[in-house]
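Below is the structure I would like to discuss, written out as structure tokens.
So that you can tell them apart, the chains are marked A, B, C, D, E and F in the order they are listed, and the count of residues begins at 1 in each.
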Amino acid sequence: MSVVRRNIARTDLAIVDALASCGTATVHEAMGRTGLMQSYMRPIWRGARVAGNAVTVSVAPADNWMIHVAVEQCREGDILVVAPTSPCDAGYFGELLATSLKARGVRGLIIEAGVRDVMELEEMGFPVWSKHISAQGTVKGTLGSVNVPIVCAGALVNPGDVIVADQDGVMVVPREQAGKALELSQTRLDKEAKTRARLAAGELGLDIYGMRDALAAKGLRYLD
Amino acid sequence: MSVVRRNIARTDLAIVDALASCGTATVHEAMGRTGLMQSYMRPIWRGARVAGNAVTVSVAPADNWMIHVAVEQCREGDILVVAPTSPCDAGYFGELLATSLKARGVRGLIIEAGVRDVMELEEMGFPVWSKHISAQGTVKGTLGSVNVPIVCAGALVNPGDVIVADQDGVMVVPREQAGKALELSQTRLDKEAKTRARLAAGELGLDIYGMRDALAAKGLRYLD
Amino acid sequence: MSVVRRNIARTDLAIVDALASCGTATVHEAMGRTGLMQSYMRPIWRGARVAGNAVTVSVAPADNWMIHVAVEQCREGDILVVAPTSPCDAGYFGELLATSLKARGVRGLIIEAGVRDVMELEEMGFPVWSKHISAQGTVKGTLGSVNVPIVCAGALVNPGDVIVADQDGVMVVPREQAGKALELSQTRLDKEAKTRARLAAGELGLDIYGMRDALAAKGLRYLD
Amino acid sequence: MSVVRRNIARTDLAIVDALASCGTATVHEAMGRTGLMQSYMRPIWRGARVAGNAVTVSVAPADNWMIHVAVEQCREGDILVVAPTSPCDAGYFGELLATSLKARGVRGLIIEAGVRDVMELEEMGFPVWSKHISAQGTVKGTLGSVNVPIVCAGALVNPGDVIVADQDGVMVVPREQAGKALELSQTRLDKEAKTRARLAAGELGLDIYGMRDALAAKGLRYLD
Amino acid sequence: MSVVRRNIARTDLAIVDALASCGTATVHEAMGRTGLMQSYMRPIWRGARVAGNAVTVSVAPADNWMIHVAVEQCREGDILVVAPTSPCDAGYFGELLATSLKARGVRGLIIEAGVRDVMELEEMGFPVWSKHISAQGTVKGTLGSVNVPIVCAGALVNPGDVIVADQDGVMVVPREQAGKALELSQTRLDKEAKTRARLAAGELGLDIYGMRDALAAKGLRYLD
Amino acid sequence: MSVVRRNIARTDLAIVDALASCGTATVHEAMGRTGLMQSYMRPIWRGARVAGNAVTVSVAPADNWMIHVAVEQCREGDILVVAPTSPCDAGYFGELLATSLKARGVRGLIIEAGVRDVMELEEMGFPVWSKHISAQGTVKGTLGSVNVPIVCAGALVNPGDVIVADQDGVMVVPREQAGKALELSQTRLDKEAKTRARLAAGELGLDIYGMRDALAAKGLRYLD
């Protein structure tokens, strides 16, 4: 059954924006090392860092019809998350769809498939994380669903989850954990700032983190 | 039998240049979604967009001898297209060969294998699309052929076909279809320009393309 | 048995620096086409070219404890070379470890696994060649070894070997061959400079390298 | 937070067994083409066809501690489903664990990682679908969870879902849909039996399925 | 434009059958090491060795409609060769289609995509070489073509070419070269039979093939 | 420089044979989880389990000349270990070479590349572990070396090391550690036999290995 869910809960954009500034590596640690998509999801242009509320799309292989359907469900601060029902490298998305999403305030696209018009997307400043880049076109013949739970690049994404994406990858933060994830991320960043200063001054992690005893206890031996 | 075909028919560079400006995604659509190489063919540096007449080279694995032979067959406006007879990631091509090709007016290289000297190639502004980047050297011991039909990255390339390559991939346009492909591409671009303006103004693809009835007929359901 | 070898022989940095300026493709040829890591080892940012003395680290999958141990063994002019005992794409290394290595004069990281904080690493100017980029965190629970022989991306690396890395890949030069490798590399560069000038002037490699007779002897045929 | 959920709802084994006899391809079609794991999940020996109730395990990379924990939660008719939190090809599982599972009536293992002792597993008649085969050992140092929702090979698996696995792959049937899936699968099998007889007698699918008009309407042309 | 070509030239089955008995490795050598499909094309069951006349099918990704169209074009001694227009691992083909093909005397299937019902196909004795095995279903919505030239797994296949397939892979013999390929294959087999006897008796290839001088001339050194 | 080392030290075949009967998983554990080749090295036929003394061969891509050279260096109880200097899937080895090796008492082949004639190799009972299967032929034009240290599938192999190979993969045991590895392997097997009996009787690994306290200490929680 193909459905489009119109009303989904979203997270306040102040929290979403703060998560973006923490970055995926920090949020991933704060979340107990869960929620990261596979490492083959790469940004199509260098430098983007965004966060947004997920509008999810399940599409048929090489068929982008449901992306057109999904556009209407997007609003300011959203990120479109697209996964095909079987692996496909076709170019589901290009600058026309990006133009449409941009007009609605959408912040980016996460797609476990291919995209095209990558130079134009960079010039528009529209961020995309994809598995492939390909000029290959798609058809419009098979239904899928919008705003249902999907698995994208190995991660479960529920509509309304917060997506954080940067040059290190793509994180999914379940909506109900977004506030807590932010709090833990900021604590972690504060701590890292102090560690960074000590490391820059030449102190060793072995000493700062107090690892020497544990290493010796495990049996590590030093040879000259 | 190893052969070098000296005389091949080419396409007028005015048509070739116009195809370059259309880009691979557009030309691919205009061609009925045929002729695209596999998506693992990637530009070694960012921003190149070229078109040219194909000089084809069939090479042995890890043996670049025939590329040296092929250089002599190239002229202004050509693109060298190289495929090994079995998969190989060695670096068949570097800045010396590029220097030689550039001196003959060649516009770029398409190779389903590896290249090296990629910083130098970018500094020279010599465009390359390859499957791999590798410093691995090759030998000169086994013959191949120049200007015979080859399969490169899943696409059939006949000598004299028009190659269009940009950040979205590499397209092969059969020589006899080049004029028609250009005409259809330009029609498509004109149409897209109008659509783009409407999408930027906030209209939905669902309405512009008139998709709502077809979606409903297929059974798409909206839930609140 | 997990060990850390403290004293390793290194190569004079004058030789190391000169090898860096030759580049991997040239040094690879000078070494008889040996010592190159697999082509999946790619720079995480564009433009880096370095050489240094290898401090080697054997790590458990998804466990970066031994990298912290290895930092203490590094000094000015070193490059850290890390290989997991089974394939892993986790992000073993980020900007905190880079800060620590930089404070010790380390020139870069070669890792057959993942790294994270790639934007920060680029901003710091800290060069990394890796197999993956991933925000995925690692644990600190299993010992490994520092400064033992390791296999990294298909190449044997002994502690103290010279690593040369640029946009074409990563080369390992056995320590005792570093001087000879430099000498042969420089000879090769001199020769290439002359060839480059002739090629740029339009001469053909077929003639410069005297290939025509050998091609004919092998049976190459020219057709019109 | 690492948890082990002890009480999970399961499906009656009569339904589970009937689903096994339908096979993955049929159940996949009956489920609207959803729920299939990625095609890299392959049986380690030829001929197995099983179904069972899922006990799920989330494990750290190269750490099989939680599989030992999960054994205790298994009972007659279960299938263990294991996914690492980042990709790993290590051999998490061998004949000792299989001996233990067999003693509890467990019907098989689905693991998005590696297994070892594959000859012994075949001799025991213990079915396994895995992504890799590897003798590589694992550690016991990091917690995970048992009977939480996991993503395994691209499919969401909730504890208690029905797993159907055969030579074509691995299907996940959400527990609440098991009865309906069976009903639809059996209807499909009945229909296919009739079609098979007609095809074997030489009738064409073009005629049986009445495709000729639709093909003509789409513009298919026959040439002599 | 989607077309079905009804009349294609085929090769006499006596020649086809004789090529089957030569095997792919021998025919590949006889053909000057051309015409081999990529090594990812593997038999789905062990032991099949066939040859036949190619009926080619170009299909859309995850859409098997044209295979139904192609069945009607097949006759005794044919092999169906299927390639999607972009990479796809879906299961395009199962035992119902095999039943239909078998009723027409078709000898096997070569498909650069997925198949399902692999146990049933083995029980039927219907040989298949594919890139993937997957229960994933396909749709019937987009046209393709039958009996046009296609690229399948890196090899150009024209309708009516002879396909030879065994446990070593899949070979394409252009129709007009089939007789010559057979003659050269048989000569090669005769020669190998003699060599085999000498090798079995303990003679060395170094002596039988007279390689020692060439090795020494190249500079090979023996050390004690 | 290409060399053939004629005299290498080997391990007594009694020890070698005993290692074969232990299997790769056990020997790998006994060796501290080192020495395993990558998991893409797979047996070409089901059921083989062998051990032997390594004769190593470094070959050029798609060039099997040095395998012919290596045959002469082999004797009763050896295993040939072959690695190309850059990745290659060509079929370096078939039944003629196997006939020659068999005549000399060689027990099998380990090759990080392709082989062909796989049905014939199975019929001969000649065991092979390879990365690929391919009918693709190779040339005889470039020298390599025999009995030098090589890296094969991620593992360092010195001539005379003991190779143990079975359905779980391929292990390299450094020659000087062969006796110790055997001793530790047998101890491990004895211990496993006892554990197996207890597991088969229904005892849990959690209790046999005494894991419950450690799990609780790490914070594992049980929920109902």
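Keep in mind that, in the parts below, a contact is a pair of C-beta atoms (placed from the backbone, for glycine too) under 8 Å apart; a residue touches a chain by one contact, two chains touch by 3 or more.
This structure is a prediction, so every number in the text was calculated from the model and none was measured.
Enquirer: Both subunit B and subunit C are touched by which chains?
Expert: Touching subunit B as well as subunit C, we find A, F.
Enquirer: Among the remaining chains, which ones contact both subunit C and subunit E?
Expert: Chains that touch both subunit C and subunit E, as defined above, are A, B, D, F.
Enquirer: Over half shared numbers or under half: where do the identical copies subunit A and subunit D land at their interface, same or different?
Expert: same
Enquirer: On C-alpha atoms alone, could you tell me the rotation angle mapping subunit D onto subunit E? Nearest 5 degrees is fine.
Expert: Superposing the C-alpha atoms of subunit D on subunit E needs a rotation of 120 degrees.
Enquirer: Distance-wise, how many Å sit between the C-alpha centres of subunit C and subunit F, to the nearest whole number?
Expert: Subunit C and subunit F have C-alpha centres separated by 28 Å.
Enquirer: Take the average of all CA coordinates in subunit C, do the same for subunit D, and state the distance between these two points in whole angstrom.
Expert: Measuring from centre to centre gives 42 Å for this pair.
Enquirer: Can you give the whole-Å distance between the Cα centres of subunit A and subunit B?
Expert: Chain centroid spacing, subunit A to subunit B, equals 31 Å.
Enquirer: Just the number, please: Cα centre separation of subunit A and subunit F in whole Å.
Expert: 41
Enquirer: Multi-chain contacts only, two chains or more: what residues does subunit A have there?
Expert: Those would be 1, 33, 36, 39, 85-87, 89, 134, 136.
Enquirer: So with touch defined the way it is at the top, what topology do the chains form here? Options are line, ring, star, complete, other.
Expert: Contact pattern: none of line, ring, star or complete.
Enquirer: For this entry, which pairs of chains touch?
Expert: Listed in label order, the chain pairs in contact are A-B, A-C, A-D, A-E, B-C, B-E, B-F, C-D, C-F, D-E, D-F, E-F.
Enquirer: Within their complex, state which residues of subunit D touch subunit F.
Expert: 1-7, 65, 68-69, 71-72, 89, 91, 94-97, 99-100, 102-104, 114, 116-119, 132-137, 140, 143
Enquirer: Taking the complex as given, what residues does subunit A use to touch subunit E?
Expert: Result: residues 60-62, 85-90, 134, 136, 139, 141-142 of subunit A touch subunit E.
Enquirer: Going by the contact rule at the top, pick out the subunit A residues touching subunit C in the complex.
Expert: Answer in residue numbers: 23-25, 28-29, 33, 36, 39, 42, 47, 49, 166-169, 171, 192, 195-196, 199-202, 204-206, 209, 211, 215, 218-224.
Enquirer: Mind pulling up the subunit A residues that touch subunit D in the complex?
Expert: 1, 32-34, 36, 38-39, 85-87, 149, 151, 154-156
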